[in-house]
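For clarity, chains are labelled A, B, C, D, E and F in written order, and residue numbers in each chain start from 1.
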Amino acid sequence: MSTARLKLGVPKGSLQEATIDLFSRAGWKITLGPRSYVPAIDDPEIECLLVRAQEMARYVQSGALDAGITGHDWVVETGAEVDELAELVYAKQRLARVRWVLAVPEDSPIREARHLEGKTIATEVVGLTRRYLERYGVSARVEFSWGATEVKVPQLADAIVEVTETGSSLRANRLRIVDTVLESATVFIMNRSAACDSWRREKAESLILMLQGAIDAASKVGLLLNVRRDDLPSVLQVLPALKNPTISTLSDPDWVAVNTIIEEAVVRQLLPKLKAARAQGIVEYPLNKIVL
Amino acid sequence: MSTARLKLGVPKGSLQEATIDLFSRAGWKITLGPRSYVPAIDDPEIECLLVRAQEMARYVQSGALDAGITGHDWVVETGAEVDELAELVYAKQRLARVRWVLAVPEDSPIREARHLEGKTIATEVVGLTRRYLERYGVSARVEFSWGATEVKVPQLADAIVEVTETGSSLRANRLRIVDTVLESATVFIMNRSAACDSWRREKAESLILMLQGAIDAASKVGLLLNVRRDDLPSVLQVLPALKNPTISTLSDPDWVAVNTIIEEAVVRQLLPKLKAARAQGIVEYPLNKIVL
Amino acid sequence: MSTARLKLGVPKGSLQEATIDLFSRAGWKITLGPRSYVPAIDDPEIECLLVRAQEMARYVQSGALDAGITGHDWVVETGAEVDELAELVYAKQRLARVRWVLAVPEDSPIREARHLEGKTIATEVVGLTRRYLERYGVSARVEFSWGATEVKVPQLADAIVEVTETGSSLRANRLRIVDTVLESATVFIMNRSAACDSWRREKAESLILMLQGAIDAASKVGLLLNVRRDDLPSVLQVLPALKNPTISTLSDPDWVAVNTIIEEAVVRQLLPKLKAARAQGIVEYPLNKIVL
Amino acid sequence: MSTARLKLGVPKGSLQEATIDLFSRAGWKITLGPRSYVPAIDDPEIECLLVRAQEMARYVQSGALDAGITGHDWVVETGAEVDELAELVYAKQRLARVRWVLAVPEDSPIREARHLEGKTIATEVVGLTRRYLERYGVSARVEFSWGATEVKVPQLADAIVEVTETGSSLRANRLRIVDTVLESATVFIMNRSAACDSWRREKAESLILMLQGAIDAASKVGLLLNVRRDDLPSVLQVLPALKNPTISTLSDPDWVAVNTIIEEAVVRQLLPKLKAARAQGIVEYPLNKIVL
Amino acid sequence: MSTARLKLGVPKGSLQEATIDLFSRAGWKITLGPRSYVPAIDDPEIECLLVRAQEMARYVQSGALDAGITGHDWVVETGAEVDELAELVYAKQRLARVRWVLAVPEDSPIREARHLEGKTIATEVVGLTRRYLERYGVSARVEFSWGATEVKVPQLADAIVEVTETGSSLRANRLRIVDTVLESATVFIMNRSAACDSWRREKAESLILMLQGAIDAASKVGLLLNVRRDDLPSVLQVLPALKNPTISTLSDPDWVAVNTIIEEAVVRQLLPKLKAARAQGIVEYPLNKIVL
Amino acid sequence: MSTARLKLGVPKGSLQEATIDLFSRAGWKITLGPRSYVPAIDDPEIECLLVRAQEMARYVQSGALDAGITGHDWVVETGAEVDELAELVYAKQRLARVRWVLAVPEDSPIREARHLEGKTIATEVVGLTRRYLERYGVSARVEFSWGATEVKVPQLADAIVEVTETGSSLRANRLRIVDTVLESATVFIMNRSAACDSWRREKAESLILMLQGAIDAASKVGLLLNVRRDDLPSVLQVLPALKNPTISTLSDPDWVAVNTIIEEAVVRQLLPKLKAARAQGIVEYPLNKIVL
């Protein structure tokens, strides 16, 4: 009997490189080959397919794929009926969290949704935009934009609904954000009947466990330090209470070694305090994965 | 009083570089600047806007643009009511003429349009495809494809309607062409009321004259040769009858000089024959533009 | 007896590539080798040395070089006593003509030279700036800037004296031009005693002749056309009177051929008019050099 | 007295970058300089020479080199009498293990060695191929191929003997593998008399120890986890028995910390099981070298 | 109330990339943005400015910057009155320590400083050079060089004062070093009144602590090994006495685990000895930072 | 009946790009495709195959190819019996003419061929080298070198036989040329029986005619000038006597126009003289091909 396989959609395009890198850190090597839309993966239980994020939910719903990684926004836009099993906030990566916003030229008189009455809006997410307008009872023309949406106002449209992370591209185009239409993050989605199949469900969940382990490790580091037993309380007070640190006994009974995991971003505040609390031999080391 | 200006749409994307190069050879320098969708052009009577080929006809119809360069296919797909003033078959360029074809996997049972009944078709040209199916009275699901359409069969669709120039990309993906849905070339389109304005019409026509002059020159070369008067008839018999060659008198009355314009592609057949016909001092030189 | 040689300084840096390209079109191949400051040139009568434009005039004055190509600005800045034999306005090239301007932040209160009293000015041209201030009887601190001068205001200086071609870099840095300190172009300079040596003088002049011939050709094209004798006057009226066109007799006595050189920039206006004047077989061809 | 030095050949070409990278991870920095065939190495006891893998064994045999890194295949092909001290299977690197295979076009009638009688075989390894044919008593023409061997059939040869790792290049050229001629891996070879010199032998062996330490570490990771004493047996049962893990006592006597080294490739299977066995604070960290 | 901020100068140019990388390893992310001279830094208490190393000390002295990173050489050259708080010898980086040397062509008669009398010297450090000459009572012409100084002898100058790290560029230009004018390293400098402000001083010092922690870690590695209690003395004898290693008790009372930090450069000598001393399970792992 | 086709070998490697460029200028477009050794050519009468220059003559002799382009050196080295139909000295291209030379380290005692007795020579041309040694009655060991031959002396060989164009690579490696073993240029070779087939012979010859036409044009330019009839003799005296210039009558009977083809390299000497001889409207224009 042949091996069971999870048919997994990997997002093609802007998320592609970050996703392949994340899988690599999680323990799976995805290799693009000559038939570029069917990348190889070093796990006989998975079959990959590169699919545009915009089309992922559609194909997971239809069962062409068992599971996939895409944006929550495209799940909503396509109205696909799929299960969102987990949010994957790629730490240190672009596109961790994004917003679809209604934006207009800085000097536009449009200040809120109801000012859109009778106007033209260019967007890649026609469905989301229409639902947003309905919520406000506004009637406007929504035109599908093939790209470069932010440069269409004011010549070709009155307003746009566009995705943004930091807003810097909008500012560079002298646009003003009027409202947020949808917040979105990367999600791991699954076909509903595949999610009821125990083998596939378990395979998906152990995949998510490892992806999360790699995501968590990317923003954290290990910290090793030696401390005299008498100084231990003041050192422990300095360390964040995320998880109890591991305190090992040493052959010299007056000393203990402390090993802990902390956010890389706080090391620069912590180290001077640890030194002040008389910790010694402080060593920061990198991590691959953590499952606390 | 301010200068009259022709608002001209230049196609962004695959045709962009070839178009800018063509304008350069025709005598207009288009420069991409920081606001990249409004390129500068060294003619105060023209205002350029970079617009996707897919959206060009829509904006020319609405009057946001007076004129634009796009594919005939997108004029038909969008059903825009615009005037097609000229075909611009960029010689020596990619995308001179293309076909939108219905294609299926090599081993698919689909052999003609009516076999599509109940099937799923992925395409960028949903409108064209629906009209094609109507023509055959076939009912099928047409799904918009965000790109990489040719890799969607057989996993994600039964057939595709895709653009092709030589068919090599289709063959590389082991697809078989079932039918041609539409033939297309690059066209110069104009807004209908702008086309009735004499200044704009004239400006557009002199632009087309120069673009055609550059297109024609790209595939042709000049040929200069000296020939004894006695040998002139046999030399002229060898030369293609495209246009009468210019025959100049020389200070030596026994000789004349012949200057003519020919297709570069035939030079390799012509030169051995001209030599055999006793032409001398044969020189081939490059051309920038020709208006015969 | 050994060959006489002209020691020629070629500007290293921003003008280098354009200069080497110009020499190539003029008929001299300059090749950068392993000892990169002594490029090879395919003329045994010339010896090249790559020298920074800023230092060129100093070394031409001292006789370390017989001649060199640099900016007029650096001749003035260094106060070098050399002969400027010719201006070389590289057509179609960057840096054809530049201005050194006094610039301040857009919102600075400085509106004219006398507002600089007691201020700090950053610049690469300390000498030029001091002389400019003296002209206005203003006392200010002039600091030598090692580069990126335009980003020094307002944090590190109150004003700058910087070179600009189109002003776009200044605008991008939100600077306002207060005054022009010096206009400059590329010049061919010569050591004064070398300029009195007939062999060197003649060599320099034939070099200039060829460089000018290549510069002139770069912005011009050749135009060939046939015209019936009766139509000749109206055709000639259309052609610019730069130089009389060459009118050749043809074997058909009713026709003549016209060959002329015109600015490439006017072709797009001329061709429609020539066609209207019944010129036929109009051909535009490229030129390498012209000496009219 | 001058320092004793080991003359070491480093393979130039396809293995070069991987070898320099391996040395760097093992603790030796090899730097390519201007005399590119004599790279610098930061160890006064070693002298490097870049030599093509094909020629390495020849120069180690002659004593021009004391030792070298090359493929076993070229040792056999050249018939060089040298000692193979160790196999170095660069983990995660291309060319870990390769095969020289006899291959023919997919539709060739050749199915086994004896069908080669009277045929032409193109190959880079003429010696290996001749010995292979002799083994089968087959007489065929063996032609030395300067490269691109796989494209020579069927136009220029009937069969080839070519190196392959995964067979994908052969498949891409529509070739069928008939037989394996030789299996090969990268080896550390030594001149026989140098191998008898105790200083050189020891130097070579400590070099091999470090190279192996780096190779081993590349495919492994460290795993740290905390576990309640009661759960220790079930956790240990999950861990592979490669080497006993290090179990440390903690200041909390109910808990121990486990530190172990495992294959990176099994982490994705192990982590879910360790979590199920109630291990806590699981941390995976990278390694530079291991000597178990 | 607004946040206090340390105005910090980051060196633009040759040290820039290494500095940004060092900050990243120390825990601060510096991002170059559109206004490239004001990079973003992910610490609201610091404000960065990219400034040429040559100009850094001048702006720290004037108070335009509170602190900066530059070379000791430029502090001396500009004669700026600033505090040098720390030397930052970027381990494994170029430009760790450099020398400004007096150099002449290999065959020059100049053998010592006093031979420079009446000669011309080209250099970027006119001040340093003049002071050097004064020390020897020598009168010579010192000319500012805009770059490529080493190629100016012998045609354009008799000697140069130029910076060198290994001397290889000088040798490549066939120059001979006559004397060392100044030794220099990268330093962290501070404005004198800012250094008296306790908040700024403390901020600068914790920055230096982290930069040093990252610098120290870059050349060191962690070493973990298990050893039988009986073998501990002989293992400890092998380990360098830099800092006492951490010796942990294991659940097996006959064994201990040793964890220590050592110079990466000595690992290749140490590992064979540790193995000989019966250490087991030796693992080398990478470090991010160390504060011993 | 199917089209007759000339099977033509195009040299792969260092000559490849220059050859494809030459064919393009001669009128044939060669396109590298997915099966890279069988490039497409836009002439149904030719079938191309990319073959290493070293192997070309062997395959032309065997009839696998009808004709090919390779170096004369490899024809000699392989001893292939083929016809050399033409030398193709690619003007302005690398590898126009090369020499295989016997070279030794600068300080080697080897001064002439007979000093090689008992020595080791490394070379890519084992056959040529052996025949050279035989000519001098010298017995030496000739070893095949897989590349980077010039770095093999003195460590790995006593002398080399290596190809050189200008000698600069040899000088850079501090080698001295002892003797020239063979001079070589690019040649068009043909299989002897194919050369007797009239269709193939004619096809090959018209190909050579066009290749030579393009080669000749690359180093020449056209020169147009007007001259008063009275000045004609002195102008003609200045022009090189390569071929009589074409002298056309103009409508102004006092003037004639001169059109001639000259070496680009002499233009810089000619133009000042033509101007001195009162030529006017001198124009230099580029050429594609010439057949005089």
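Heads up, the rule we're going with is that a contact is a pair of C-beta atoms (placed from the backbone, for glycine too) under 8 Å apart; a residue touches a chain by one contact, two chains touch by 3 or more.
What you see is a predicted model, and the numbers here were worked out from it, not measured in a lab.
Peer 1: Using the contact definition stated above, find the chains touching both subunit D and subunit E.
Peer 2: A
Peer 1: Tell me which chains count as touching both subunit A and subunit C.
Peer 2: Touching subunit A and subunit C alike, sorted by label: B, E.
Peer 1: Shortest hop count from subunit B to subunit E along touching chains?
Peer 2: 2
Peer 1: Relative to subunit D, which chain has the most distant C-alpha mean position?
Peer 2: C
Peer 1: Looking at A-B, D-F or C-F, which pair matches D-E on over half of its contact pairs by residue number?
Peer 2: Matching pair: C-F.
Peer 1: If more than half of the interface residue numbers appear on both sides, call it same; otherwise different. Which is it for subunit C and subunit F?
Peer 2: different
Peer 1: Quick one: which chain's Cα centre is the longest way from subunit F's?
Peer 2: A
Peer 1: When contacts are scored as defined above, which chain pair ends up with more C-beta pairs, D-F or A-D?
Peer 2: So, comparing the two chain pairs, more contacts are at A-D.
Peer 1: Between subunit B and subunit C, what distance separates the C-alpha centroids? Give it in angstrom.
Peer 2: 38
Peer 1: Roughly how far is subunit E from subunit F, going centre to centre by Cα mean, in whole Å?
Peer 2: Comparing mean C-alpha positions, subunit F is 54 Å from subunit E.
Peer 1: Averaged over CA atoms, how far is the centre of subunit C from the centre of subunit E? Could you give it in whole Å?
Peer 2: The computed centroid separation for subunit C versus subunit E comes out at 43 Å.
Peer 1: Mind pulling the residue numbers of subunit D that touch at least two other chains?
Peer 2: Residue numbers touching two or more other chains: 248-249, 285-286.
Peer 1: Report the topology of the inter-chain touch graph, choosing from line, ring, star, complete and other.
Peer 2: Basically it's none of the tidy shapes, so other.
Peer 1: Go ahead and list every pair of chains that touch.
Peer 2: Pairs satisfying the touch definition: A-B, A-D, A-E, B-C, B-F, C-E, C-F, D-E, D-F.
Peer 1: Taking the touch rule as given, give the residues of subunit B at its contact with subunit F in the complex, in rising order.
Peer 2: 172, 221, 224, 226, 248-252, 257, 264-265, 267-268, 271-272, 274-275, 280-286
Peer 1: For a test of understanding, state which residues of subunit B touch subunit A in their complex under the given definition.
Peer 2: 12, 35-37, 49-52, 54-55, 58-59, 64, 143, 145-148, 151, 155-156
Peer 1: Can you name the residues of subunit E that touch subunit A in the complex?
Peer 2: Residues 26-28, 34, 42-43, 206, 209-210, 213, 217, 222, 243, 246-249, 256, 259, 261, 285-292.
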